[in-house]
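The structure follows.
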Amino acid sequence: MRRQLPFILVFLSGAFMVFQYFVPHESSEFVYEFLLDWLTIIGGFAMVLGIWSLIRVSYDKIQRKRENWGYSVITLAGLFSMIFFGITNWQDGFGFYILQADGLNNPMFVHFFDYILIPIQATMFSLLAFFIASAAYRAFRARSVIASLLLLAALIVMMRFNPLFGAWIEDVANWLMNVPNLAAQRAIVIGLGLGMVATALKIILGIERGYMGQG
Amino acid sequence: MKRSSLLVLAVVVILFAISWILKANQLSATEENYILEAFLITFAAFLTLSVLSFLYKDNPFYKFAEHLFVGVSAAFWMCLGFWSTLVKNLIPRLSEGLSEFFNEPYMPGDYNFFFWIPVILGILLLMRLSKEHGWIARWPLAFIVGTTAGLNFVRYLRSDFIEQISATFVPLLIEWQGVGHFFSNFNLAIDGQFVMMLSNWVIFVGVMCGLIYFFFSKEHTGVFGTASRVGIWILMITFGASFGYTVMGRISLLVGRLTFLFKDWLGLIS
Amino acid sequence: MTYMLRIMLLLVLLAGVSGLAQDQPVADTAAADTATVDPPAPVTNLTGQDRDNDHGHAIELSWTPSVDDLENPAGDRSVMRYRVMMWRPAFAFRVDTLRQMYEMVRNSYKPIRVYKPLVDSALSMVEQGVTSVAQLPFKVQLPADVDMTDVPQDLLRQTLEDTLETMVGQVEVSKDSVKTFRSTFLDSVDALTAAYATYPNNGRWDSIGAEPPGSGNFRHAGSKDEFSPDFLPDHTDLYYRVDAVTIDPDVYAESEIVGPIQSSGQWYNTGRTVVLVSVIIFTIFTILFVQQARGGKELYVRPLAGIEAVDDAIGRATEMGKPILYVLGLGAASDIATIASFTILSRVAKRVAEYQTDLIVPTYDPIVMTVAQEVVKSSYMDAGRPDDYHEDMVYFVTQSQFAYVAAVNGVMLRQLPATNVYMGKFYAESLILAETGALAGSIQIAGTDEIAQIPFFVVACDFTLIGEELYAASAYLGGEPILLGSLKAQDYAKALFVISAIVGFVFLVLHDITGVEWFTNFKEWYRVSD
Amino acid sequence: MIPFEPIRLFAFGGFNVPIVISLLIIGGGMLWLLIRSLKAKEVDRRIVFVFIFAAVSAPLLFEITFDETATPIVKGVFEKIENMPERSRIVIAFDFDPAMAPEVQPMANAVIRHALAKNHRLIFISLWATGQALMDKTISEIIPAEFPQKQDGIDYVSLGYKAGNEGVLNVIVSNVKKMFPTDVNGVPLTDIAIFNGVRSMKDVDMVMAVGGGKPGPKEWVLFVGDAPGGPPVAVGVAAVVAPQMYPYYPKQVLGILGGIKGAAEYESELLHNYPRFAEQDTPGLRMMGPQTLAHVVIMAFIIFGNLAFFIGGRHKEKRL
């Protein structure tokens, strides 16, 4: 029972979702919307698991004085101060509330977001400009037919920005992006779609059980 | 810590302190909280440079930024989830007293008791933390996986299969008006009949060969093997082209970041 | 009490405004001064019906455009738009007002409760001797002749206490009024159907939308939510009319009235039959091949380079005595790509346990972490080494895309894994991960269903499972022959696709040659309605 | 086939020391890497990073711009304005909002400068309420400073914003005064010299529609350009909208300026023909600088990599 019950639940909820797709009536939609709400709410609870894991791993590192343990102190400090700011608020610097007013508007919370999260995030993202260059340098070698095609297509498309070439290169680049790209995308999409559909079906039917830890 | 690293640290601290003072001096004319503003901008610049320093090699500054980022972002998402999901959506439907506590307008409804189910499932999920009762966490998991699998099953069958079939029906003979007409109007212009037909043929053959490449239960030999080879060629051309196409967007990201450093922090450009 | 007054005032205002709106249509003065347009011909053949295959609350109208339509070169071309009108009982407008008031009362509830604590703290500050209004967290209204920087303590305290009292009263009032308004409102919504039935008395025509010239249909998609301003009751007699309007909004032609029409929800979406058929065919295929596999039939699967690489890479890690890094991507536990990745993880974990290598699994989603822990744990049990498993192999980092990447980058450069496996959903971070891994000298194997990211993995990783290969690998590595049954079903579906496309091609050629319309209509078979 | 022209790096700015130095450093570095590659030596990734950093930051710091070769689709617009007889009437439509402005404002500026330099007459119109402010700002920033002799009402006129979307177009295509009895300052159109002999949009010589939403360039093409006897229409649109306009080229539109690249191409064409604009800001070209340089650097690295790969004989090793 302990083993089977989850799979019965998987089948029931999966089968209902397939069923509701064909039933436009309000009552089926009503249940459907409820189920979607439930999913987000359960997700909210799951956050606790994540934060707990983060705290435990960091604490463990500090306690056992593992390599780089000092940085885990920074992680925990950042975590706790941000949580603190996120659940408190003060208006005009005087009244102080815990959980009473939306902590997302706490000025410190906003500062942390604007001047710590955003700059690091944007910079991490901009690392891509460097990595796209180093990946191109490292990997675009004409070592086989396949690799040469990859290399050539990339070069042609990048040449749009080379002032040495005329308008024709732009036409070729556009054609590459519109025609062969469309064909390949479609082939991948169909394969992928079928793979997903098959996996979803295996899950609903209880054939695929790997995600439950071998049942 | 080694002496040299202490020295580096000291230099960096002094440099950023000077930058802070200069920035504050510059902002004092316009801003009210210029000391705080200047600090925040300088600190953001410090974090930006710390992350960029990773390109040279892993170093204490990157580690600092990384660990700070992890802690702050985890808390950020938790707070966001807490306020937007639990407080805004769940609590107003569960209890009038709790909604009053959180200053959220209570949302009465005839079916509100159904919202206790996800609460129970959520708590069951938390049972994961217990050693003996961890298995209970599979129930909410089963619910989550089952619902999404059902949703994806029909959704992808429709969008990635059925709708792709009709999208592949392209006329391979565009406005075919006979061989004579075709050859008398033969040209390479983009809107010419020849190029449009060629494009449609490439799409059709490309899709077919690409699909054959993805056949798993048949050996890729003979005609099948040739088709599959053409398929992988088309895939590779596409991958190369998308790679090259993406470069522009990535460079723009770096432009944005450098503009922050040169303009907002250093004030070098206007 | 002030609160009730405000509501009364509001009521009066609302009544006044709607009355005004009725009496004086707002005219475009510039156009009225200069342009004189002849009234156009009205639209004809107006019909209306319940929208099919929906949840109700929607009506579809269609008509033949006016002869003077802008798009019709034969006429005056003076019709600039079609205004769709609906007859609404006066009661419906009252329900709208009630709805707005309910929303206002409901929203006013929160500020009061936020400001009350501010007044509380202001009071305690006054007790401590603060006399400047600027220093108080709550700015009270004081008589104009009082010096704001030095207010007599008594006056300040009195004003604050009065404010507090009003606020407390308002909270109680608004709390009650929310409930009252709500039930009144819901009762009146129930009475709407009866009100619509009184047509054509006690109501007026109201504009519900406009269509550009040339168009001949309109979908009145109402909301099923009573609290939405677009709420449209089901099973209710509705009446419509379409006006052909010229550039001057005052010059228009009315059509015939169509009605009564009722909207209702359906129990089966006939537009989705093709999906239902596909679901049935695909399910039969899958079950059939799974049964075959279960019966012991050997199913051939062609070798995939990435799959073989996984086993080699684990061996390599063991030789080097270095760990293996497994990244599940940014997907949620319910994403199919992540579930496929779990299966691959279980195989990797089993091998890792057998070879006694180390495994690192940083995760992005807490539920993914939970599942991955379960998967790794049972793999270790299967391998007969439950003691080697420890919870911290699989840990949560953060739910922020680039913070997660920053942390995984750190792991790659500090713990120098021999092999990095990326399987699941990846977005822009794919290239950051793969390049950092290459820098650390790791062998890298990737697989994702995010089409936009495949190029980056192909370029930067040693082995890449392209698209569907990820699912094939999952079925293959899952270790159970029945999982391979679905691969066969997928191949049959692909064959079906190829056949359909070729048939489509033949039909299109036949259409070009013979000119028979039927040969292009087959496209309709594959149309799925929303 | 390939219109090969030397890169005229310094064509617009004259001799500029920081630009020359930074380009010499980048170019010299690339040369050094080329020599190393010819000796089959691989380049360290950090050197790649340094070059990317330099290639993006140098154009930002020193405003390095590159010559863009105008594609025929852009050149069509330029040459039309260039070859029309003097005193031709050009309608410039400002159908965009501040959010879209960074992309399309450079196009409007370039076309206005070009047309005024050719001594054409301009009529400004906006179908977007938000467009009028941008239009007023553009007029007051460009005309008094750069063309002080041009007079409102004689050389240019602003009709302002009129509500009614494509309905407005449909009226002005047969009668302008019906929709716009006066200009934005309240002067009756009958008193404005530009409108002597202009009854409808069919009497103007060209329309340049700048925008990206609805109503916008597409509506100008369909309602004004396509009307019997309608004027030729050229469009300037945001990059994402450009593909939707291509089907109308070349039959229904003169040319298309698509996104910042289109703007840069027009600016470049303008600078070649009118050196007097060298001092003006060219946001299109400026934003293309880092892109061009970075692309060239990446392409060079790909070529170096392959040189080292083949000269080093590593292509004979079996892999993949």
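Each chain carries a letter (A, B, C and D) given by its place in the written order, and its residues are counted from 1.
Basically, a contact is a pair of C-beta atoms (placed from the backbone, for glycine too) under 8 Å apart; a residue touches a chain by one contact, two chains touch by 3 or more.
Values in this document were obtained by computation on a predicted structure and should not be read as measured data.
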- Any chance you could name the chains that touch chain B and chain D both? A, C
- Message: Which chain has its C-alpha centroid farthest away from the centroid of chain A?
- Response: D
- Heading the list of chain pairs by contact pairs is A-B
- Message: Which chain is most central here if centres come from C-alpha coordinates alone?
- Response: B
- Computed distance of Cα centres, chain D from chain A, in Å: 37
- Message: Based only on mean CA positions, could you tell me how far chain B sits from chain C in angstrom?
- Response: 17
- Message: Report the inter-centroid distance (CA atoms only) between chain A and chain B in whole Å.
- Response: 6
- Query: Can you list the chain D residues in contact with two or more other chains?
  - Reply: 45, 49, 52, 56, 291, 294-295, 298
- Item | Junction residues of chain A, two or more chains touched | 18, 21, 43, 46-51, 54, 68, 100-101, 117, 120-121, 124-125, 127-130, 132, 134, 136, 138, 140, 146-147, 150-151, 154-155, 158, 161, 185, 188-192, 194, 196-197, 199-201, 203, 211-212
- By the touch definition above, chain B meets two or more other chains at residues 51, 54-55, 63, 65-66, 69-74, 76-77, 103, 125, 128, 138, 141, 144-145, 147-149, 152-154, 157, 161, 164, 168, 204, 207, 211, 214, 235-236, 238-240, 242-243, 246-248, 251, 254
- Task: Assign the assembly's chain-to-chain touch graph to one of these shapes: line, ring, star, complete, other.
- Result: complete
- Task: Show which residues of chain B lie in contact with chain C when the two form their complex.
- Result: 51, 54, 57-58, 62-63, 65-66, 69-74, 76-77, 100, 103-106, 108, 125, 128, 137-138, 141, 144-145, 147-149, 152-154, 157-158, 161-166, 168-169, 171-173, 176, 204, 207-208, 211-212, 214-220, 235-236, 238-240, 242-243, 246
- Query: For chain B, which residues count as touching chain A in their complex?
  - Reply: 40-41, 43-45, 47-48, 51-52, 54-55, 63-83, 85-86, 89-90, 101-103, 111, 114-115, 117-119, 121-123, 125-126, 128-129, 135, 138-157, 159-161, 164, 167-168, 190, 199, 202-207, 209-211, 213-214, 231-248, 250-251, 253-254, 256-257, 260
- Item | chain C residues within the chain D interface of the complex | 28, 30-31, 33-35, 70, 77, 80-81, 212, 247, 439
- Query: Of all residues in chain C, which touch chain A in the complex?
  - Reply: 53-56, 114, 117-118, 120-122, 125, 136-137, 224, 234, 265-269, 272, 275-276, 279, 282-283, 286-287, 290, 332-333, 336-337, 339-340, 342-343, 346, 365-367, 369-371, 374-375, 377-379, 382, 392, 395-403, 405-406, 414, 428, 431-432, 434-436, 438, 449, 451, 454, 456, 458-460, 466-468, 470-472, 474, 478, 482-483, 485-487, 489-490, 493-494, 497
- What does chain C use to touch chain B in their complex? 106-107, 109-110, 113-114, 178-179, 182, 272, 274-275, 278-279, 282, 299-302, 332-336, 339, 367, 370-371, 374, 396-400, 402-404, 406-407, 409-410, 413-414, 452, 454-456, 458-459, 466-469, 472, 487-488, 490-491, 493-494, 497-498, 500-501, 504-505, 508-509, 512, 523, 526-528
